[in-house]
Every structure is written in structure tokens, then in C-alpha cells.
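Both of the next two complexes hold chain A, though its partner changes from chain B to chain C.
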Partner chain A sequence: MNAKDISISVKKKDHDGKVSGQLAYIGDVKVDLMLYGVLYRSPIAHGKVRSIQLPPLPEGYAKIGAEHIPGANFVKLLHKDQPIFADEWVTYIGEPMFMLVGPEFDILHQLLDEVEVDIEEHPAILTLEEAIRQKDHTGVFASHEFGERSDVIKAIEQHAHQIIEEEYVTGYQEHVYLEPQGMLGIYTDEEILVEGSMQCLYYVKNALISALACKDDEVRVIQSPTGGGFGGKEDFPSLMACHVGIAAKAVQKPVMLLFDRAEDFEVTTKRHPAKFIYRTALDEQGNILCMNVELYLDGGANAGLSPVVLQRSLLNSAGVYKIPHFHAKGYALKTNTVPNGAFRGFGAPQSFAAIESLLGHISGKVNRDPIEYKRNYIVKQGDPTITGGRFKDPVLIDDMIQDLLQTVEYAKKKAEFHAFNQHNKRYKKGIGASFFLHGCGFTGSGERDHIKATVKLARTENDQVLIKISNSDMGQGALTTLSKIVANELGLPYEDVSFPYPDTKEVPDSGPTVASRTTMIVGKLLERAASKMKAGWQSGVSQEAVEHYVHEEMIPWDEEKFSGDAYPAYSWGVNLIELEVDTLTGNVKVEKVYGSFDIGKAIDEQIVKGQIDGGMAQGIAYGFMEKMTSKSGRIEQKSISDYGPPTAMDVVHIESKLYDNPFAGGPYGAKGVGELPLTGGAPAVQAAIEDALQIDFYQIPVTPELIIERLTKRAGGSD
Partner chain B sequence: MIKFILNGKEVETVAPATVRLIDLLRDDFQLIGPKEGCGDGECGTCSVLVNQLVQNSCLIPIGAIEGAEIITIDGYCNTEQFQLLSECYSEAGAVQCGYCIPGMIMASEALLSQNPHPTEEEIREGISGNLCRCTGYNMIVDAIDLAAKKGDGLW
Partner chain C sequence: MVTKAIASYRMKSLDETLSQLSKEDCQLIAGGTDLMVQRKSPRGAPGRFDKPVVFIDHLKELKQIYRVNQDIHIGACCTYSEMMEHHLIPNILKKAMKEIAAPAIRNRGTIGGNICNASPAGDTLPLLYIFNAKIRLRSAKGERAAEIRDFIQGPRKVDRLKDELVTEIILPEVPEVQPYFVFEKVANRRADAITKISFAGSMRWDEGRIQDARLAFGAVGPTIVRAADIEQKLVGQAFPLNDKVIDGIVAEFESLLKPIDDHRSTGVYRKTVALNLLRHFLEVRA
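Our next item is the complex of A and B:
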């Protein structure tokens, strides 16, 4: 690696402010005359609002509700089904009905307790199972079906040696960004300014324009330093922005809405719980002849981003495998529960957990090693995708697997663990792997048709360059990574490039900070803008350079038919985990973790390592620790320790390795990295637990309770 | 009236004894270093030193701090020890969203002042009351290890 290699790490742009605690997050901001808002939330899962009775409000306090919305009463995103204030019907427990604003938090909470609402209760759909039963009549946000014709599958199944049917379920996952959601609305005569913790400035701005029925220049959105997002601050902040925007306009004062942890847990979006039903036909040697999958996502009470999450789930339902005669059908369904939304991986982690689990179980049934069995089906460069697109770039995953097996001495380790388990009654050791990919950027033609990203660079007369884009740094390092790309391209010192927190008054719409698109798509545009700026460089003169997204045509994506190239590029991963299960307590002790990744090219090795470590910790915990449940329409976990994200004691050092495989469409060859590392954790940990116990599991998380239940059943002979 | 020492200065307050220390620090003393992540003593983002021990300021009623010495990141960031920790956190790439970091730094100080040469296991235990959702902890563990090595004699 030479000294100019872009991968070499630098000091992060925001290091000093963050490490000293002096960088102000939205909760640290106080402005003159600021009021606080608290939301009155539906106590009922489904019902018609009959009446609302407020206690007498002291001076300086006000109720803000649907009657104050100048525009339409829905949060603009995809469907028009999410009210800003639910004033006629409530559709989930926790749905905001109205807001009280005033100067003192304590008094606001007292007032909330004295509110009386009368709601006529209606039947509610409270579980995904119930939604699946009713799907032919009601409650489908989106569905797609594609792949091999069913008569062909039927014919193959008739001549198959064996048909394997399996169901698999995955639970909620909560983001637990350390900074709870927060948003501030400020009224001035000219505009409504909204400032807060968010990933997508223009989603927020567009929602405000719709809610306030105002002109483009009458709203302004500024991102505050954002204390973690993971998708949780993709769609949800738009709702809060509407609340504070409307309230600020109504009372003509600044209004701050800050959630505490319990409220954040109860009402913000989560990872979709999912159910998969697989039907696989095998020949006498155990080879797959055809596969059929039905998948269901619990969307919660409104569509939100569920239709798009469903697409990614379906696109990954065959994993990294070329399965002959594959057919898939999927639904995003409505339930009267808290709406689910974006979470790092965006529907893919569920699908990878499911397909990796299934192939692991099939390999066991036909007496083959799971890794060896799966490798028979790994896609290669030039192979078709399940939607008739093509893996056009080099695919390194099989080499990555081979390398990792050698590194860990897989065969030897398997034998050692086997011997250990035979001699040890209480503790059992296991090893398991997962293989996965992540399609980088928006699905299909989203970048071209919906996002249409624009980036801008501005140079001052002192040759300082400003990055003007609408992407957020939420901790993933975008301030640093993108500054490095621009500095490198311009041949300037990194210190001469700055990336202020975006403000829609200053920056064009370069798209949301989602979908592992920021470095690859926005970074590429910035690289081009920088190269344009360099060509017109005149010292001592201010200058601007603007670039627009240009679509690279592939096999055209058809959303209706669900066919074509869904993504311009794929990042790839291999995880391997060694662990020990205590069969007395069900506790799992993860001992070794390996991750190999092809993300094209690392723009900053340390930032990438941070994504890998943090993503894998979340993914592994999703597989065996983090359990969130809903009962009678209410999220049961109220606090962080009820839920159980990992502490420093729960994780171990991660042995990670990057493979260079530059992608021409990304800056310096970079592809997406944000979501990929989360995806493989759960299936690898499940596979390792299965290897240790020689028991198949059909759900995640594989908690100690579940382990004990299955061990007890086995001991009783019923498993 | 409650008197205590805040970041090296004697201070007093007439706030009721049941007020949480975090609120007193943030609202009355305008110190934004201690962040509120949960309000339940579970996440550690509001960690401060109370008589050299790391504590969650959201769990402490100010009646309990009469005469105590309180150090928050806002004062601690002027020390030599902080400078080294900051450098090591940067060198190890330990800071992502940053929300847990002020608390992590205070926990790092508490650990190193008790145990200047901790093992990896001791570092993990030392920060186990401080949650981080971005890093998966390893780079923070590396940063503290680095500070212990570079700061030989500083703690």
C-alpha cells in the first residue's frame, strides 16, 4: 500500500467535538421561548374516535391536533395511510392522536394523564399469523410473485425423490441508537425550520411541504449531529418533523419533541418480523431440483417503507445461490401494531437467516457438511440472478470461503469439537458459517426514477472546498469518507475540504442516507464533481461544480414483472463463528468470529472496520440475544435491559479481512458497506448453535429459553 | 442548599434534593457532555465521576452529592489524561455516532485510575455499563488498551 492509498485512515472530521462531548445533538439545543411537545397516544389497537376531553390548559399551554394541519393529514412517503394526528380512526397502540405543547415537561405529562378519550373499539389484527389468514380479504400493502412457473414446479415435484417443507420465523429487531429520536420546529415569518436527528433531509422536507401546504422555500430542514440511525431515522423522523412543524406554525414559537427511551421503544419503527414457508424438491443424491418460497412481512399499521422492504426480502430469498427452478411469492401485510420500517439490511437479514437455515437443515438430512453442500450452489460471475438479471462483475465469494476454511482449519476444528462434545456432557462446541451479499443502492431504477441525485461542490476564494449534499453522517463516517474522496480527487489536503451538517437551504437533493448508497453513488458523483472542478480550477476565484446521477443501463428492471437487474453492484460476505453452549443454562458463549468481505475498495480501512465490527455485533445479537415481542398489540420490552443488546462483555475480537474487487461505478472502486456486515451474523450463529447441539432451529433469536425448551423436548423423546 | 465540587470548582444549588444530577448538570450548569440515553441507568451515556467512581448521573438525586467531587467530560476534557484518551480513541477509530463517547471516556478514566494496566477482560468489564451500538466495542477496547500502554505513568 503506498502513502497515497485512499484506504489509509485519517482523523475523523467530527472527532474532537464528539470525544469532548461538546458537539450539540438536538437534545442539547435550547432556544429562547422554546416549548416542549408531548404526544397523546392511542391506548387502543383499532378503533373509532368518539370524543376527546382535555383538562383545562394553563396559560401558555395548547393542544395541537389534526385541526391545525394546513395541508393533508398524512405523512408523505409512499402510501397516504399514515395520519400525522389520528383524529378519526386509530390503528395501533401508541399512534399519535394530538400533541400538548407548553414550557414545562412535568406539567405537560400531568396534563396528558388527565386527558379522557372515548374510542369505539373495533376488531384488530394483532399477529402476523392472523394477517396471513386474512390476506385474501384485507390488509395487503404489497405483494410480488416471480420465478419458475408453478406447473413446471409441480411436474418436477411429482418426480422428486423427496419434498422438504419448512417454516421459519424471525422476530422484531430494535435499533437502539443511543440517541433517542428528537426534533425541533422553529417558526419565523419567512419559514418553518426543522432541525433534528435524521438520515433523510429531503424525505423530511417533502413531508413538511405536504403537511404545511406551503411552498418549497417556506420550509427548511437541517440535520443535527445524529447519534446513530441504522435505518431507524430513515422514515420515522418525517412524522416527528410534521408534529413540530405544525405546532411551531400554530403557536408561532419553537417546539421541541424529544423521546425518552421507553417512548422510543414503544412507538418507533423496528425490523419487520417475518415468516417463510419453503418447499424444496430433492433427487436421490440430495440435490435440489426446485424450490418454492412464500414470505410474509409484518408491516404494522401503515405501509411506510414496507413495500420496498418486501422487494429486498424477495430479491434475497435464494441467498447467494443458483437454485434451479426457483419460485417466490411475498407479501407485506398490515397488522394493528407499531409500524415497522427500515433497519440496516432492509428485509435482507430475514431472508438470509431463512435460506441459510434451510440449506443447513437440508444438508443435514442428506448427510452432507453444510458448507460443502452450500458451495455447490454458489453463484458465479455471469450467472443469472433470480429475477433474470446478471452477476456481471467478478464474484469472489467461493475463494473467500476457501480462504477462511483454511485459516480456521475447518475440518480439523470440526473433528476437535466433535471429540470435545463426546466427552463433555454439559458444554458443547459448534462451528457455523453464513454466505451472503448485499445489492448496493436503491432497488431497480429507483436512483434514476425517484432519487435523481444531485451533488454540489463549492470552492471559496481561499481554495477551501465545501461539500454540499443532503446526506447525513449518523456515525458511519460520511463526513470523513466523502471529504477524503473530494480531497484526493482535487489533490488538496484533507483539511481543506469540509462537509458541514446539511441544510436544505444550502444543499441540493443528493438522496437519502440509506441503502448502502452514500459512498458508492453519492461518492461517485462527488468524485466526478471534483474532477470537473479541478479541470476549471483558477486559484483565488470562487467556483461551483454540480453533478447529476447518470443511470448505467443494465438489464432493465421491471417492478411489475419483478424482472431484470435489481442492483448495479453487489457486496459479498462470509462469516464464521465458533461458540460453546452451556446445556444446563442454555447460555451461548461466542468464542471466535471471522468475517470476510468484498466491498470493492475501502475508502478508509478503519471506518470500514468500524462498520464490520458494529454491523456484525448487531447481526450476531439478532440471531441469539435481542428479543422483542408484541402482546395484545403492545411492545412488551420497555427498557434496554428488557431487550438485551450486547455489552462489551458479550462480544469478542472479530477477525476480518477485505478483498479488493473494484467496481467501476463506485469512487476508487468502492461498493456499499453499511448494511452488509449485519446480514451474516444471525445465520452464522444459528448454524454454530445447531452444530453444537445437533438440533435444528426454525426461528431467531435462538435464546437460552428456546435452547432449553428444545433440549428438554429431546431428552423427553419428543424432538 | 446543596454544595459540591463540580469540575474543580465549589458550587451550590437550591434545587430540591430529588432533582436528578443529570438534570442539574444539563439544565442549571449548562453542561451538555453527559447525554441522556435511557434515564434508567442502563446505557451509561450520562456517566460522570463521583468521588473518582463512574456513576450514571440519571440515577443520582442531588441530595446524595452534598460535599462530593463531581467530574464531567466538560471539565475532564481539559486534562492531560483526556488528551491521551482522545488521541487513542482517534487512532483506534473508536468514535462513530459519538453519543456514547463522553460516557465511555469517563468510564475509561475511572478504569485506568484504578487499574493503569488492565487486561482485555478487565477493559471489557470496565466499560460494560456503557452501551455502544455503532462500534461493536472492539475498537473502543483497543483505544483504552492503547492509552494504557502509551500513558504509562499517567494514571
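Our next item is the complex of A and C:
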């Protein structure tokens, strides 16, 4: 690495404010005359609202409901099925029906307790299983089918040596971002201003324009410092923004809506629970002849982003493998439960957990080592994708695997663990790996057809450069990374480039902060804007440079047929985990974690390391710790300690390694990194538990309860 | 309208505190790590305290640890951090405390609070039951002591009068040479986690015979479960225990323990793990 290498870390732009605790998050904000809002939420999962009886409201208190919405009563996103205030039908427990606003929280809570609502209860679909049973009649948000023709598959299956059928289930995951959701609406004569913790300023703005039925310049959205989003602040904030925007307009005062953790756990979006059904035909040597997968996502009560999440699940349903004669079909289904939404990985972590699990199990059935078996199927540069696109860039993953196996001395370690397990009655050690990728940027032609990103750079007369884009820093380091790209391109000191928290009045729509697109797509546009600015540089004169997204033509994406290149580039990862299972308690102690990644080029090594450590911790925990359940339509875990995300005590040092593989379409060769490191955690931890216990599991999280259940069964001889 | 001010007291001495308790019904707060959570209101609203509050965490009289003959006296307001550093606290108790919460809570949370909160998941309790701990109470009128198993009556229910305060926990007759001890906490993660099931056991043997055996289970019922009659069956048995004896003891607890399902775990899991840990403990060789 030379001294000017962009990967060398710098002090993060937001370092001082965060480390000193001085940075004000939305929950810290107080403005004059500010009122608080509290939401009255549906107590039942499905029903028709008959009447609402309010207690007498003291002076200064008001009810805000559907009757106050100037525009249409839905949150603008994909479908029009999510009411801002559910005034006719309620479709899940916790759905907002109306809001009470006023100056004192304790009075608001007391008033909420005194509200009487009469709802005619209707049958509710409370589980994914029920939704699957009735999918042919109702409740499908989206579905796709693609791949090999069924008659071809049937013919192959008829001559196969054996057919392996497996089902696999994944659970909820909660984001547990640093600060719970919060949004402030401010009324002025000219505009409604909304401020809050968010990832996608223009999603929020467009939702507000629709709800308020107003002109573009009558709403304004500003991002507050955001201490973690993980997708949880992608779609959900639009709903809250509508609440505070409508309320602020109605009462002509600032209105703040803040959730505490328990409320946030109960009513905000989560990762989609999923079910997979695989049929795999094998020949006598155990080679795969064809594979068929059906997958189902529990979308919750409204469509939200589920149709797009489904696409990413399907696109990753064959993992990093070239499976002959692959066929897939998938559904995003409606249930009367809390809506599920965006979550780091966006449908891919479910699919990777499933396919990695399946191939692991097949390798066991044909007496092959799982890693060796999987490597036979790894895609190579030039190979087709499952949708008939092409892996056009160099694929390093097999070399990364080889490297890692050497580093950990895989064969030796396996033998050591085997010996240990023979002698130790209580503890069993295991080792497991996962191989995965992440398609960077929006799926398909989203960037070209929907997002159409624009970025702007502004230079003041004193040669200070401002980045004007709508992307959020949510702890992932966007302020720093993007400033570095611009400074580097302009040849300016990093300190001379600033990136204020975005305000839609100041910044064009550079797209949402999602899909691991910010560094690769927006960063590239900024790089181009900077070089344009540099070309026209005249010291002492203010200047602006604007760039628009330009689509690189690939194999055209056809969403109907589900064919073509789904992504412009892929990041790759290999995880390997060593752990120990306590067979008396089912507790798992992760002992060593390795992660190797090809993300093109790291713009800042320390930031990338942060993404890797955090993402892997989140992904590993998804595999065996974090357990969220819904009972009779209600989320059962109401606190962080009940849900159980990992603490510093649960995470060991993560040994990570980066492989340079620059991508021409990204700034300095960078591809996406945000989501990738989460993806491989769960399947690696599952594989290691299976290796330790010599038991196959068909679901995540692999909790101690599940482990003990299976050990008990095995001891009883029925497993 | 809803918020009304409540009085709060932070007296200079234990005697003044007791005198205040004799005047009105008050809410005692030691470290506050249970109470502040239990009395939390939804965001933005003050905690739900309905009685005058009396702080006791600073009272020096309640923070002493000392030995009288073989008895170890622990002041009720000793925090976990304080106890973990004190030479008189048995190592096995220190191990249990190390697994409680995380440093910040261990700097505030007290042993008196853990006992008076009387949660079946309280992590000092199984060992305190095994030590046959005595709870010393004082009021302006006088003093008394109770066995921990009588003092704790159910979740958040203890045998304490309104004017009484727990001053000390006494571990009676703690020998210099400790018996074989085990404490196992099972929870969903390694810090800041509430026990799903816990087990404590102690055993003493001499010349191949068991002299004394004590077994306690946490979070498998409304209070810690200890069964003197089953323990008695171990006394006099040949050490190491043979499989038949072990099977017999495990079977007794199998019918005794009736843990429930909740949002933290399942009854089946709790029971299986409790019996696994028990069996493992009984299988000890030397």
C-alpha cells in the first residue's frame, strides 16, 4: 500500500460528536411549543372498525386521524395498501389507528388508556404456514418463477439415482439500531419540515407529498444523525413522517413522535421469516443433476418492500453455485402480523442460509466433506447467472477459500476436533464455512428506471467543497468515505470537503441509502462530478458540478421473465467459524471467526473493518442467538435482553482479510460492502454446530432449545 | 394531573432511615436496578412511584463485610463489584456474580436487592439457598433473622414488614476448606442476560462417603427449588456415586421440577437442562 492509497484510514467526519456523546439524535431535540404524539394502535389482528370513543381531551390536546389527511390515506411506496391511519380496517396488532398529540407524555398515555374502540373481529392469518395453505386464493403480494422448464426437470428426476427433499425455515430478525425510530414534524407558513432518523430522504419526501397533497416545495426533509439503520430506517420512517407531517399541519405546531424500545420491537418492520422447499436430484456419485426450489416470505400485513425483497431472495436461491437445471419459484405472502421490510441483506441472508444448509446436508449424505463438495459447484468468471446474466468480472472466491483453508489448517483442525470430541463428553467442537456473494446496487434496472440518481458538488469562494446528495450516514461511514473520494479526486485536503446532513431543500435525489449502492453508485457519480469540477476549477469563484446516473448496458434485465443481469457487480465472501457446543445446555460458544471478502477496493480500511465486524456479528447471531417470535399475532420479545443480540462478551475477535479486485464501475474500483458481511454468518455457524454434533438442522436460529431437543431425540434413538 | 410529586429521603444513618420507615409506608431503593426497570413508564413519562422513596444505597452500616467465628456477614447494600473484590466472599459466589449483568449494573446492583426482588431467576439465590443464608432484618422496634427459604415467598414476595429493612445476609458456618461447589447459569447470551435456568450444588465427602450434599435450581418454579429430603438420600452414600444412586436422584427431581414455557425458554428445555446439570454434578469423580 503506498502512502497515497485511498484505503488508508482517516479520522471519521462524525468521530468527535459521537465519541464525546455531544451529537444530538432525534430524541435529544426539543423545539419551542413542541407537542408529543402517541399512537393508538390496533389491539387485534384483523377487523373492521365500528367506533372510536375518546375521553374528553384537555385543552392543548388533539386527536389526529384519517380525517386530517389532505391527500390519500396510504403510505406511498410500491402498493397502496398501507394506511397512514387505519380508520376502516385494521390488519395487524399494533397498526396505527390515530394519534393523540399534546404537551405532556404522561397525560397522553393516560388518555390513550381511556380510549374505547369497538372493532368487529375477522379471521386472521397469523402464520406463514397458513398463508402458504391459502396462497392460491388470496394474499399474494408478489410471485416469480424462472429457470429450467418443469418437463425437463421431471425427465431428469425420473432417471436420477436419488431425490433429496428438504425444507428449511428462517425466523424473524430485529434490527436493534442504536436509537429507536423518531420523527419530528415542523409547521411553518411555507412548508412542512420533517426531521428524523432515516436512510431514504426522498422516499419520505414523496410519501409526504402524497399524504399532504402538496407541491414539491411545500415539504422538506432533513436527516438527523442516525446511529444505525440496517434497513429498519428504509421503509418504516415514511409512515412516521406522514404521522408527524399531518399532525404538524393540523395543529400548526411542531409534533414529535418517538418510540421507546418496546414499542419499536412490537410495531416496526423486521426481517422476513421464510420457508424453502428444495428438491434435488443426484446421480450415483452424489453429483447434482437438477434442483428445484420453492420459497415463501412472510410479508406481514402490507406489501411494503416485500416484492423487491422476494426478488433478491430468488436471485440468491442457488447461492454462489452453478447448479445444472435450476428452477425456482417464490412468493411474498400476506399475514396479519407486523409488516416485514428491508433488513441488511434484503432477502439474501435467508436464501444463503438455506442453500448452504442444503448443500452441507447433501455432502453428508454422499459422504463428502462439505467444503470440498461445494467447491465443485462454485461459479467462475464468464459463467451464467441463474437468470441468464453473466459473471463478467474476475471471480476470486475459490482462491479465497483455498487461502483460508490453508490459514486455518482445515484438515488438521478437523482431526483435532474429532479427537477432542471423542474424549470430551460434555463439550463438542465443530468447524463450518459459508460461501456467498452480494449483488451490488438495486436489483435489475432499478437504478436506471426508478432511482435516476443525481449528485451535486458545490464549491464556495473560499474553495471549500460541499457534497450535496440525499444519502445518509447511519454509522456506516458514508460521510467519511464519500468525502475521501471527492477530496482525492480534487486533490484537496480531506478537511476541505464537507458533507452536511442532507436536507431535501439543498440536495438532489441521489437515491436511497440502501442496497450496498452508496459507495459504488453514488461514490462513482461523485468521483465524476469531482473530476468535472476540477476541470473547470477557478480559484476564488463559487462553482457547482452535477452528475446523473448513466446505465452500463449488460444483458438487459426483464422483470416479468426474471431474466438477464440482475446486478452490475458482485461482492464475494467466505466465512469460517470454529465453536464449541455444551451438550448439557445446548449453549454455543463461538471461538474463532474468519472472514475473507472481495469488495473491489476498500475506500477506508477501518470503516470496512467496522462493516465486517458488525455485519458478521449480526449474521452469526441471526444463526443461533437472536430469536423473535410472534404469538397470536403479537411479537413476544419486548426488550433487548429477551431478544438477545450479542454483547461484546459473545463476539470474539474477527480475523478478516480483503482481496483487491477493482470494479471499473465503482470509484477507485470499490464495490458494495454494507450487506455482504451479514450474509454468511448464519450458515457458517449452523454448519459448525452440525459438525460439532453430527446432527443436521433445518432452521435458524439454532437455539439451545432446538439443540437440546435434537440431542434428547438422538439419545432416545428416534433421531 | 397524573404526575404528583413524591417525597424522597436520603438519610444520614441507618437509625434515621428506620425511624422514617416507622412513620410512613415507603418504597426502599438500593441500587435501583430492578425497581427502575419495573417502574418504568412509556417513553417520556416519569417512573410510576406511588409512595415516598427512601434511598439506602449510601448507608455505611449496610455496606460492611465481616466474619464472626465461622459466619460471614454481608451488608445488604454491598454491590456486586464490592463483593467480587472482597476476600471473605466465597469464590463460588464471586463466580456467580461475575455472570450477573455487566459492569455498570454490577456497580449498582446489591445483594439485598437481589434477595428482596425475589425473582426465581435471581443469580445469587441458588447459592444463598445452598449456604443456608440467614436474612437479618431491622426496624425501629428491633431485630430478627429469617432463613432465606422462609423469607422468600414467591416472585417479588418476601416476608418483610413495612417498617423493616434487610440489614445483612449471613452465611453461617462457612468452613475454611470449602466443599466441592458448582454454579451454572444458563442464559441466551454471555452478559446482560436473565437466567433461563440455573443450578447450584455442593458436596462434601470423606473416606469414600458423602457427608453432605445440597442441590438448588433457579428459574424452574416460583422460588428456588431445594429438596432436603432428596439431599438426605445422598448422605452416607459411597463416593463416587454409582449410576443407580444417580439415576434415583435424577428421577426424584424429574417428578419434582415443573418449569413453565415463557418468552425466554420452554418448560421442556428448562427441565432437561436442569436434570442434565444435576446428573453431571453427581457424576463428579474426585
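Just so it is clear, the second predicted complex is superposed on the first by the 719 of 719 C-alpha atoms of A that agree within 3 Å, B and C clash if a C-alpha of one lies under 4 Å from a C-alpha of the other, contacts with A are read in each partner's own complex, and residues count from 1 in each chain.
By our rule, contacts are C-beta pairs under 8 Å (C-beta built on N, C-alpha and C of every residue); 3 or more make two chains touch, one makes a residue touch a chain.
Keep in mind the model is a prediction, meaning the values are calculated, not measured.
In the overlay built on the shared chain, the residue A:G441 is in contact with neither chain B nor chain C. Of the two partner chains placed by the overlay, only chain C lies in contact with A:Y36; chain B stays clear of it.
When the two complexes are overlaid on their common chain A, residue A:T226 makes contact with chain B while staying clear of chain C. Looking at the shared chain after the overlay, A:D260 reaches both chain B and chain C. Once the two structures are overlaid, the count of chain A residues touched is higher for B than for its counterpart among chain B and chain C.
In the superposition on chain A, A:P508 makes contact with neither chain B nor chain C.
Once the two complexes are overlaid on the shared chain, A:D106 sits against chain C while remaining clear of chain B. In the superposition on chain A, contact of A:A648 is made with both chain B and chain C.
In the superposition on chain A, contact of A:E636 is made with chain C only, not with chain B. Of the two partner chains placed by the overlay, only chain B lies in contact with A:G21; chain C stays clear of it. The interface of chain A with chain B overlaps its interface with chain C at residues 260, 640-641, 645-649. Those residues of chain B lying in contact with chain A across their complex are 26, 32-40, 42-43, 45, 72-74, 77, 82, 85-86, 89-90, 93, 95-102, 105, 123-125, 127-141. The touching residues of chain A, when paired with chain C in their complex, are 36, 38, 58, 104-107, 109-110, 258-260, 262-263, 426, 584-587, 625, 627, 629, 636-637, 640-642, 644-650, 704-705, 708-709, 712.
On the side of chain C, the complex with chain A involves touching residues 1-3, 41-46, 102, 184, 186, 188-194, 196, 263-266, 268-269, 272-273, 276-277, 280. Chain contact summary for the complex, chain A toward chain B: residues 9, 11-12, 14-25, 27-28, 175-180, 225-230, 260-261, 474-477, 606-607, 609-610, 613-618, 639-641, 645-649, 651, 653-654.
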